Amino acid sequence: MTNEFDPVIIGFTCNWCSYRAADMAGTARIKYPHNVRLMRLMCSGRLDPTFVLKALAGGADGVLLTGCHPGECHYLEQNYKALRRVKLLKRTIAAMGIEPERVKLVWASAAEGTFLAKEIGVFVEEIKALGPLNWPQRAGINGIPVHQPEIEEVPA
Amino acid sequence: MKYMFYPGCSLHRSARPYLDSLAAIQEKLTMELQEVEDWNCCGATEYMSVYRAPAHALVGRNLALAQQQSNGSDTVMAACSACYLNLEKTENYMRTDEELNNKVNTALAEGDLHYDAGSIQVRHLLDIIYNDVGMDRIKNLVTNPLEGLKVAAYYGCMIVRPDVNQRWNSPEYPTVLEELMEALGAEVIDFPMKTHCCSGHMTQISSDVAYELIRRLIYGATHYEADILVTLCPMCQLNLDAYQIEMNNHFDTDYVMPILYFTQLMGLAFGIEPEELGIGREFVSAKQALAKIGAPVPDEVPEKGKPRRKKKKEEGLPMPQVSTRFNGGSK
Amino acid sequence: MNTTAEPAAPVREGEAATAEPSFLRWIENNTPGDSRLIMCIQCGTCGGSCPSGPDMDHSPRQVFAMVRAGLKDEALSSNTPWYCVSCYLCTVRCPQEVHITDIMYTLKSKAIEEGMAQVDAAKVWSETFIGYVEEYGRSFELGLATRHNIRHRPMGMTRAASLGVGMLAKGRIDLTPQVIEDVGQLRLILWKAKELEAEQ
Amino acid sequence: MSENGKPKFAMYWAASCGGCEIAVLNIHERILDVDANFEVAFWPVAMDAKYKDVEAMQDGEILLTLFNGGIRNEENEHIAKLLRKKSQLLVAFGSCANEGCIPGLANLSPMEALFETAYHTASTENPEGILPQYEYDVPEGTITIPTMYPVLRTLDQVVDVDYYIPGCPPESHQIEAVIDAVIAVLKGEAELPPKGTVLGVGTSTVCDECSRKRDVKKIKQFVRIQDVERIDPEICLLEQGILCNGPATASGCTALCPAAGAPCAGCYGPANGVIDYGARMMASVASVIDSRDPDEIDAILDGLVDPAGSFYRFNLAHSLLHTGQASWNGKGS
Amino acid sequence: MTGEEAQTNGHRIGVYVCHCGTNIAGVVDVEHVSEWAKDALGDRGVVVGKDYKFMCSDLGQELIQKDIEREGLDRVVVAACSPHLHEKTFRNATERGGLNPYLCEMASIREQVSWVHTNKAIATEKAKAMISGAVERVKEHESLEPFRVPIEEATLIVGGGIAGIQSALEIANAGHPVYLVEREPSIGGHMAQFDKTFPTLDCSACILTPRMSEVGVHPNIELLTWSEVEKVEGYVGNFAVTIRKKASYVINEDCTGCGICWQKCPKKVIDDKFEVGLGYRKAIYTPFEQAVPKYPVIDHDNCTYFEKGSCKACEKFCPTEAINFEDEDEVITVNVGNIVLATGYDLFDARRIPQYGYGRLANVFTSLEFERMTNAAGPTDGDIVLRDGVTAPKSVGIVHCVGSRDRNFNNYCSSICCMQSLKFAHLVHERTGAEVFNFYIDIRTPAKEYDEFYQRVLDEGTRFVRGRVAEVTDAARLPGEEGKLIVQVEDTLAGQQRRIPVDMVILSAALEPRTDAYETAKKFGIACSANGWFTEKHPKLDPVATMTEGVFIAGCSTGPKDIPATVSQGSAAAARILSYIEMGELALEPVRATVIAEQCSGCRICNDLCPFNAISYDAETELSEINIALCQGCGTCVAACPAGAITGTGFSNEQVLAQIEGLLMLNVEPQPVAEPA
């Protein structure tokens, strides 16, 4: 274990643009930091704030949300809904004391592998500057486990 | 309507007629102007040629003073093109370039000043007259319409270009000044060189270049049969007026094209006395041209040699359907 | 865009990292906003539009090609930026939205810094102008014209003098300079700005 | 079973306001059915009882415990564990035990800030600035009070819970229905629902019971109810720009608040199967904002002045994040 | 349940790690990863962990098949390349093994791991995390069946240009009914306006009109000209399309197309459509001689009778009493299985570049004006003349890239202008002998016989000036320039600013999306790119399909293209549709959303969220419903439902949340936490 903070970031991609951008970055052998673990949704419109909160609460230091550029959504306009949700979500987590910069929305078309790789690099640096979030460890404060309730045997 | 006013160096000197005529019509237009106190030079096109950040700090001081003195208006009005553009550009770059904003404000802090980018709006006199005063009110003020006077409306460059805040309807073929001149009763010619260069500071650097640029404009206005070329920039007026004789000497030509400020023509149309408007301070006398609208004709009238334009045939293919007003160059 | 995250930028395999910031990069960084210089497609709209184009050593397009080719000395010693009249026709017409006029200013200041400014008249005019601004806070036309004309005579001394007399007669020139009240404040600001610029 | 053959019943009050207790009493004469079918073994609000009496009981001796309130201190936790041990059926009763409720909102702030507000603000007369101490020496010896925890937890974050009855407080008709169901089970007329079932709620959300007229939603601005000149009595409040949590809140309350012109605050908690209540509200409300322009969207969202408080008013302690960051950074928020 | 069963839920999962030769194995320690999967993930249900050189090979696929049979696997995870490459392959392998294909999940450890990272240890750890996520996710997968819809035989084609004509003929010739809708009075589109086509210089009308007539008489084609689509309902296989047939005031059944009406009509109107303002037509007209159909229409806004209440010259002279001034719009609905949108392009309005002088300088023409001028049937009978109608130009400047490749207007290349400008140069040479200057930035001639044509035009003596024209002006600087149009340009190859006086300037204006392209796209439930062109399902591999099943696009509506490419797309769209008609029914991906009725509160949050109109509200039951045939599976409504009452197959909450959990289970070392105060 090194002392340098090595963040864990969950990235959401849409099936049509940003996942393909990630494919393209791979095909072009463009190197980017390893910290982002990407997963696929059909559309950024599928993005439920629950997913972001789940990732943050589960140990991610940041969440990268990606989708087709405005006007280029394969489902016509659903990425605008993602945009609105992310804006509201960021306000809410900010009110809860979490740096809203830990959640970032990036538009990347299927052709923008290089751009996506660059944005991943930028985001990793931004998260490194913010430092670890470590929600599960912190939530275990004062020996009170919050997420794994200590369940006592119940008589039958 | 209240505005802060940044006159700039020229209006107090070589462009006195501009300032005088503005002062003469200001009240009729219900414009209340509050001069920015202790303003300094905008740097023209010179400061920026030698220094980068300091050029913006120079302008930044004016913006900071304006913000400080702001009293009921966040608009700074400039009448000189270079002043207008420099103020607008610095404002814009401070708003969009964080690094520059920091530099300028760090420098301003040395003089206990600060400018919050975005807090001042920079606008040109013509913009304010056209949009805030409005053509309707202007038309109502006209008592001596400029009927029969053929006017070439000339903008020069820096008002409509680069137009960082998209205030004008076209960077190439604006029509605002034409509309204003028509409202005054003048006949406006279609002057394709309306936004071409007056030669700027080239008069001081290369007279060959300068005379050629001046010649193009004077030749153009003459060719299109204008009686008078109307301008809204001190530099344009100076170059086209004061250097017109030198240009004629240089090329052995005999153009006579009087150059007046639009505010001077507004004053005449509003019935204000020519002297009050600084008319007579121009090098190329406007007297003969103004005689067309009833001003006294001077004793000596230089001959005006101008080629006549061929008339278009009546028959032929229909022209593309074009509204008389172009709707801007870009989306 | 600020390039804050340089180290994290992706590197293509086999691509050598640039050793030091190139001249192109310098020009870009020292032009306010996004100059878009790298986007030039060499179409010539600038050179075609330029009112003083015929008098330039190179069209702006060629100067950009030099900058991109790293031909710093050639670019800085060209008379092109000095013949720029700041009419911005090139800027608004450029199909790639390159901030051409702004880049011309950057080139001029760099040429002065490096002692390579070729058009002495232009350089001296700018410097004389600046001198008055820094002395009085405002420009001083009479002084400017006189001082400049002693060294450079774009129109010849006699003609310039007669023009000056004409200006006086028309009441369009002052014999004494106007001085702003707090010229000290202005100088503090300008010196600081120069200091900041020198740091870079 | 007690001596009289009636099964034992308990009710306890942890970090909560006491409204739930009143709600139980609010069922009027039906409370007699409880008495008729149960022996009340432990109910500190209603009768005298000692913890040691409970500790002395056999494990599982109590048939049914209604536990209201969240777990905020050592004592709450101790009794929760104790009652768990002694009860066959432990029910999280009311919003606090279910999801933290208003006491759970304190999870947004560190303890220092809570004490500061409670003891040092205008609403408290405390000229000497006295703060409670966990241990205090008096001539008779050292007295202690229970240690306060940095965050509030819900009952099921501390012990295993059999059933849930949400609401702040649970509606009387729902309590009656649950009591009827339990009595039916006692009489052998019905079977217990599967463990983990949420009782006393509908299958859908508040809109299902709401009498207001609903249309396609397009929100151009949010307004706070106090700033609205006239609320249309017929139309959906959300369509009038008033943030109403009804769409995301479990039904069962008969939509009393919207009927009275007040937006649903969300006290019945999330609908069945929902993992994070606030996320549901955020996702749905943001989806129907009528703008594609980032700046305009921001301007519209500016109308939602307290997003965390609005979306997590009742559910914060049971949400995915559970707390605000400040509560464990120890800094004021 | 034991603790272990609680984790595995009794699952038996096989994890297969692909080497992809050295593509993955060179960076990820694949043996270690497969061992790890079996050992470390055993308590999470993994019973098989294997690595293989090429999982996508037959042998690799057989490995999965056999393990499903032998080891009783109920879920499969393949850690290999991107699912966009081989998801189908491994789903099929899973199916052949006897499992539902949707019980297979892929982890992309090539595109997202081995190809983008270099550190072996880090890449191996990340591969594990990706597999961990996939394992957790696959447990939540459900068996799914593709969704099947029957296909209505008839096809709707919107736009009667060459693309629409081509599509219509292909489908109709195969024996299937076609409705062809065109908003002008005749089909033919832009191609009917052209004179010659590059590079072969075929006469445009000569090759187009036979196709037009074929459409006109085809028994399987119902031609609906002077008509527009108003509304589209339904989904692939079963669209109901509402079409407005505009009143033409002519009874087509009685009209013989004799032309007496327009000869007698007293009202002359500038024809700004077909003749692009360069010629005239009457108030009752067909756009051109060979119009299909032959029936004229009355231009209501310009007809003297409609303006003043009297005239009726056409009626008086019509030999067959085919004029009906009482005619009204008719609205019809047709049922079709598929739709082709071939709505073409608009020409860039050259007035938006004032420095080129179009609209102000008489002898500046647009490319389309020039096409009409050179057309023998055009307003000048094919004579190339100045605006005065008589003078032949002695010199002509042709300006490329007008409104194209310009960020102030359109940042794309209009692709046809170079060839078109070369064609113009040739025609000017051929017909007037004038000197021709072509002003270009780049000459783009990348197609069969195109560059050869460039060579030919060079050889003819056309003067090529490389430089984007700065301005076209009549502002003479010197007496010699007077009366001319001066093209000011930097000749970038000579490095000189030049002012070239010419008599005529032709602006090769950009091709732009139709001004109503966005509304059209919305009507048909498809997307437009940022520039406004219709968006393909895949720009390379599915260029004529859209994201909406059953709606196809062809020709310039998807972007500028030349005639060969347009015709190819018309045929391609037809071929796609014919295969659908042939299949009779269509299997659609089962990624769909459904409303759980008992949880729906009828709050109507979701009602306006679906761009495909799949969500409706039943006022009776007060519930929202999803038409799964219309649903495209984006999941926006699933995410938006405040009650959690909408579920989405393939990307359910459970699947996504499980994957997040799985990805985070292998969180690299926990970070030190500041002790709380």
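We call the chains A, B, C, D and E, going by the order they appear; numbering starts again at 1 in every chain.
In the analysis below, a contact is a pair of C-beta atoms (placed from the backbone, for glycine too) under 8 Å apart; a residue touches a chain by one contact, two chains touch by 3 or more.
Computed from a prediction, not measured in an experiment: that's the story for all the values here.
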In contact with subunit B as well as subunit C, sorted by label, we have E
Interface with more contacting C-beta pairs, comparing D-E to A-D: A-D
In terms of mean CA position, the chain most removed from subunit C is D
Going by average Cα coordinates, which chain is farthest removed from subunit B? D
Can you check how far apart subunit A and subunit D are, centre to centre, with Cα atoms defining each centre and the answer in Å? 31
Rounded Å distance, subunit B centre to subunit D centre (Cα mean): 70
Interchain centroid distance [CA atoms averaged], subunit B/subunit E, Å: 48
Whole-Å gap between the CA centroids of subunit A and subunit C: 46
Residues of subunit D that touch two or more other chains sit at 150, 275, 280, 283, 287, 328-329
Note: subunit A residues in touch with at least two other chains are 25, 29-32, 48, 50, 54, 77, 81, 85, 117, 138, 141-142
Junction residues of subunit E, two or more chains touched: 355, 408, 609, 636, 639-640, 653, 657, 676
Could you list, by residue number, the parts of subunit A that touch subunit D in their complex? 48-50, 53-54, 56-57, 70, 77, 80-81, 83-85, 87-89, 91-93, 95-98, 135, 138-139, 141-142, 144, 146-147, 149-152, 154-155
Residue numbers of subunit C touching subunit E in their complex, please. 41-50, 53-54, 58-59, 61-62, 89, 92-93, 95-97
Enumerate the contact residues on subunit D facing subunit E in the complex. 110, 112, 150, 203-208, 214-218, 236, 238, 246-248, 251, 270-275, 280-281, 283-284, 287-288, 328-331
So in the complex, the part of subunit D that touches subunit A is made up of which residues? 59-60, 81, 84-85, 88, 108, 149-151, 153, 156-160, 275-276, 278-280, 282-283, 285-287, 289, 291-292, 294, 297-298, 301, 304, 306-309, 311-312, 319-326, 328-329, 333
Spell out the residues on subunit E that touch subunit A in their complex, using ranges where they run on. 82-84, 108, 110-112, 115-119, 122-123, 126, 129-130, 133, 521-522, 525-530, 535, 547, 591, 609, 611-612, 632-636, 638-640, 648, 650-651, 653, 656-657, 659-661, 663-664, 667-673, 676
